[in-house]
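Chains here go by letter, A, B, C and D, matching the order in which they are written, and residues are numbered from 1 within each.
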Amino acid sequence: MNDNALNLSVEIAGLRLKNPVMTASGTFGYGEEYAEFFDLSRLGALVVKGLSLRPKRGNPTPRIAETASGMLNAIGLQNIGVEEFIGKKLPLLRSFDTVIIANFFGDTFEEFIDTAEALDRAEGVHALELNISCPNKQQGWVSFGSDPGLMRELLGAIRAVVKKPLIVKLSPNTADIKQAAVLAQECGADALSLINTLTGMAIDIRRRVPLLANNTGGLSGPAIKPVAVRMVWEASNVVSIPVIGMGGIMNSSDALEFLIAGARAIAVGTANFVNPLSTVQIIEGLERFMSEEGIGDIQDIIGSLRTYNNARSC
Amino acid sequence: MNDNALNLSVEIAGLRLKNPVMTASGTFGYGEEYAEFFDLSRLGALVVKGLSLRPKRGNPTPRIAETASGMLNAIGLQNIGVEEFIGKKLPLLRSFDTVIIANFFGDTFEEFIDTAEALDRAEGVHALELNISCPNKQQGWVSFGSDPGLMRELLGAIRAVVKKPLIVKLSPNTADIKQAAVLAQECGADALSLINTLTGMAIDIRRRVPLLANNTGGLSGPAIKPVAVRMVWEASNVVSIPVIGMGGIMNSSDALEFLIAGARAIAVGTANFVNPLSTVQIIEGLERFMSEEGIGDIQDIIGSLRTYNNARSC
Amino acid sequence: MHRLFKARIVQTTVLSGSYRLLTLSSEEYIRHCEAGQFFMLQTGSEFLLKRPFSIFSHRGGLLYFLYCIRGKGTKRLSELREGDFIEVLGPLGKAYPKPAGDFIALAGGSGIASIYCLLEDNKGKGHLFYGAKEKGDIVLADSLEKVSKVLTIATEDGSLGVKGNALEALCSKYQGDPPMPIYACGPKQMLMAVSRWALDKGLPCYISLEEHMACGVGACLSCVVETREGLKGICKDGPIFSAGEIIGA
Amino acid sequence: MHRLFKARIVQTTVLSGSYRLLTLSSEEYIRHCEAGQFFMLQTGSEFLLKRPFSIFSHRGGLLYFLYCIRGKGTKRLSELREGDFIEVLGPLGKAYPKPAGDFIALAGGSGIASIYCLLEDNKGKGHLFYGAKEKGDIVLADSLEKVSKVLTIATEDGSLGVKGNALEALCSKYQGDPPMPIYACGPKQMLMAVSRWALDKGLPCYISLEEHMACGVGACLSCVVETREGLKGICKDGPIFSAGEIIGA
């Protein structure tokens, strides 16, 4: 098969991505950190570090710890705030021929709305990704994402002010990802991102303190991939909006698992730290796989999993 | 410190364990498979493969797949049934000087009760461990453990027929382990075991089929340890009954993380497959640690975590 | 009683494109082994589970394994170097029943590993039918020549020996009943076919089965096979089974 | 533009109980390096994240790292052998500002790694104060003698050089103001103390900070430090900072 004939482009919420490979929020800075490693225009989409209305200092250090095939992070959503992002980071990002997606969150209901509005107005931001995995200060640190009522209220209000495509990023710390996915779709999400990190903890046994100054943190990396693939499969079977899959993708073979399970696009997170060229190599790997398998269009891979019928579940 | 002076014994639900090291259900067969590797009397407790009223055939193969620092299994709770267990396996187990715990489950409400009754009567079974992570056939494969109403009903009924110590094993596939832990305590559990496996999936990208004939399976091993430690820490902070910690324990240092986090005992699962002597080496490692740190009684380790106060959570 | 030990890689030999021969030694411990038994071998420190491999040879206090690079684990194993140490568990499982006299050996692909061991332990008694895709996949023909009584090689493309698969070669040779027991190791399909053939003729037939394994000792219940007496564990009750036991054979 | 490459282990040298010297070469790529910069080194295939290590030397197309075995990763690194390949990312971060003339160098423990590089790149100009717990922890004294102008060794137990820590040795030597800038690498406590001392005296002082790192390039925000201009990334804006910048110094 002629490589030029390969079609890797996918559509997410009305946006055309040249390939299904995105960066995962918080693992690619504001893009500039990796711009010297490769041409960012090669990316399907670039998702920036989670933004809030005002700058945030984040948590004390140590903020990360390595675990078996994974890492825990408790960055605490440190970010420069929407205003500085628009003024200082967005101009460079606009110069790349790729889709720019702004991940955002708020500590309060109002902050969510105000941040969404600001990003919706910002030229060069093509879509918004709402992070509802973070705790809700007003209601005693309950995660917005784990309370259906709260989620419905929040999503409704954000949807009302956002004209750009709205992606909702779901937390895996839930008993039923299908329910969360359906709810987000009902509330007007144009696409879903999953998964965010699983909450975890690691302990220094000599000093008997947590390895993270925040006690707990979010687990990412290859360790969580099986959970992520399962959730992407479950979610994409119950919604009609596209699902963006992520969680432990290190190479094109991992990416293919997600695409086959039903993800329309995938995002690369922790792998960027291990190998700054991960995204590019994954794109190349997808092309190689398609050539080898004689697949001309990536659509023929997406959701192509043939499951067994005899499945029980324990 | 003189090693003879070390006290490793712990009490779980009125049972005295000579040390806090147990085997995790389903990873140690019925004991006999590992009896030629070491003297099973060295174990704090031995938990056998999950039992049901009648023998079960389990799932088609392949039943396992390796993932990054973990494995997926979908054995399908194959077991020989309570009767054959009592007749053919228990006699050998009685010959060891260790606490024998029977893990059990049912496909239906009635099966749970009947199995519990049979095991409660069986001489040589010191305690029962209820596995509520499995799906409830009657109500459309909803896990008993993920529905509080169902769990309350089931636990109440089982508690009513079980005189022996009753351990309830919780699933990590939940948004709030604290809630499940408190509920189990309220319903009369004498101790909690956590965590069972996280549901996951892995895919053969060439053939585009799941790696397991059951499509999904349970993720165990080092990959899940951070999630397990976090849940043990959360649960042990909200209940007064003892918590038995498990999930990815490979060595004594892992075991210590759980004990420090608040587990009164720990169980070794997947590690048995990697190294049949894991449990013994963990016991020896705990002794070594106590000697090195000048700790005479394991009680001084349990729950000794000093957490940071400034913790947020995202 | 221990059977888990560290072994040193004494030699690694490339036999062909994807076939390798691995030689291990251990000062600690190498127990008495028999053809048909297997070891679980650690293939790299990044993998949790060990991989099962049949004993290829066990001469002079050394352990030999013949393996084919299939996936991540075997790839990684092939990258290890002489002097490296790996953890091994074994010998595990049941051996081939000792043949009393001459016997027929049938091997497909990497199935040659356990069959070689059987031939070597029963030198000059085995009538070997050994098949593979093509010439390049036939390994150690010279050594096989030495340990077997008669050697018939079959390749699917006819690039070496007779054209076709090993079982066809066997069947066409023995249209009547060969008065010998059959020992077979290779792809599942071949094993099922030879089992039916032997059962038809009333010949004893022993096959070596494969399944994904975690523990190797019968504890995890991952490697089951349906037998006439119910589910059995391939690692513990096998990997060698009598053809008559297996449902579907 | 690439800075991620595979490097071959050319030599591994045991310097003392827990100190090792690692020599790497790469046909692919070794870029211009400067003292104070660091690399992220893969320590074993079972670890996800690379570990940060300062450049110890960069002569003759080779890269040298001096490290102390602290935890799992450094333990594993010490088990690798000559001929093994590891993935490395670098050079990363900002270098020490080039000293114009003579300078004071202060090193504690494994902090000697980046300080050695600075001394070697500015031969005969550094007045080195090098401290460690005891004699056995002082490594490469001969080489240090050669590259520095004056070498003062301090050990806490007095088993080699003066008794006490390196900073005490420095302070007692220069009770007036040494007319030289200070370069320091070592434990956080030492760095904070020397920073205050230098700020007091109005001397330029450059310190090399450490923090747990994931990416090494400023993307993950794990390695922040509080500066007078807000939070900065140690990997990208550092690891070398001017003492005056750091809050708490």
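Assume contacts are C-beta pairs under 8 Å (C-beta built on N, C-alpha and C of every residue); 3 or more make two chains touch, one makes a residue touch a chain.
Nothing here was measured: the structure is a model prediction, and the numbers come from that model.
Engineer: Go through the assembly and pull out the chains touching subunit B as well as subunit C.
Structural biologist: Touching subunit B and subunit C alike: no chains returned.
Engineer: Report, in whole Å, the distance between the mean C-alpha point of subunit A and the mean C-alpha point of subunit C.
Structural biologist: 46
Engineer: Indicate the whole-number Å distance between the mean C-alpha point of subunit A and the mean C-alpha point of subunit B.
Structural biologist: 33
Engineer: Compute the distance, rounded to whole Å, between the mean C-alpha positions of subunit C and subunit D.
Structural biologist: Taking the mean C-alpha position of each chain, the two centres sit 54 Å apart.
Engineer: Mark out which residues of subunit D touch at least two other chains, giving numbers and ranges.
Structural biologist: There are none in subunit D.
Engineer: Give the residues of subunit A that touch two or more other chains, as numbers and ranges in rising order.
Structural biologist: 69-70, 221-222
Engineer: Which word fits how the chains touch one another: line, ring, star, complete or other?
Structural biologist: Per interface graph, the chains form a ring.
Engineer: Chain pairs in touch?
Structural biologist: A-B, A-D, B-C, C-D
Engineer: Along subunit C, where are the residues that touch subunit B in the complex?
Structural biologist: 1-4, 47-50, 73, 87, 89, 211-225, 231, 236
Engineer: Give every residue of subunit C touching subunit D within the complex, in rising order.
Structural biologist: Its residues touching subunit D are 44-46, 81, 83.
Engineer: Where on subunit A does subunit B make contact in their complex?
Structural biologist: Within the complex, subunit A contacts subunit B at residues 59-60, 67-70, 72, 74, 76-77, 105, 133-135, 141, 143, 146, 173-176, 198-203, 205-206, 208-210, 213-216, 218-219, 221-227, 229-230, 233, 248, 253, 256-257, 260-261, 289, 293, 304-308, 310-314.
Engineer: Okay, in this complex, where on subunit A does subunit D touch?
Structural biologist: By the definition above, subunit A touches subunit D via 26-29, 33-34, 36-38, 49, 57-58, 61-66, 69-71, 73, 75, 78, 221-222, 270, 272-277.
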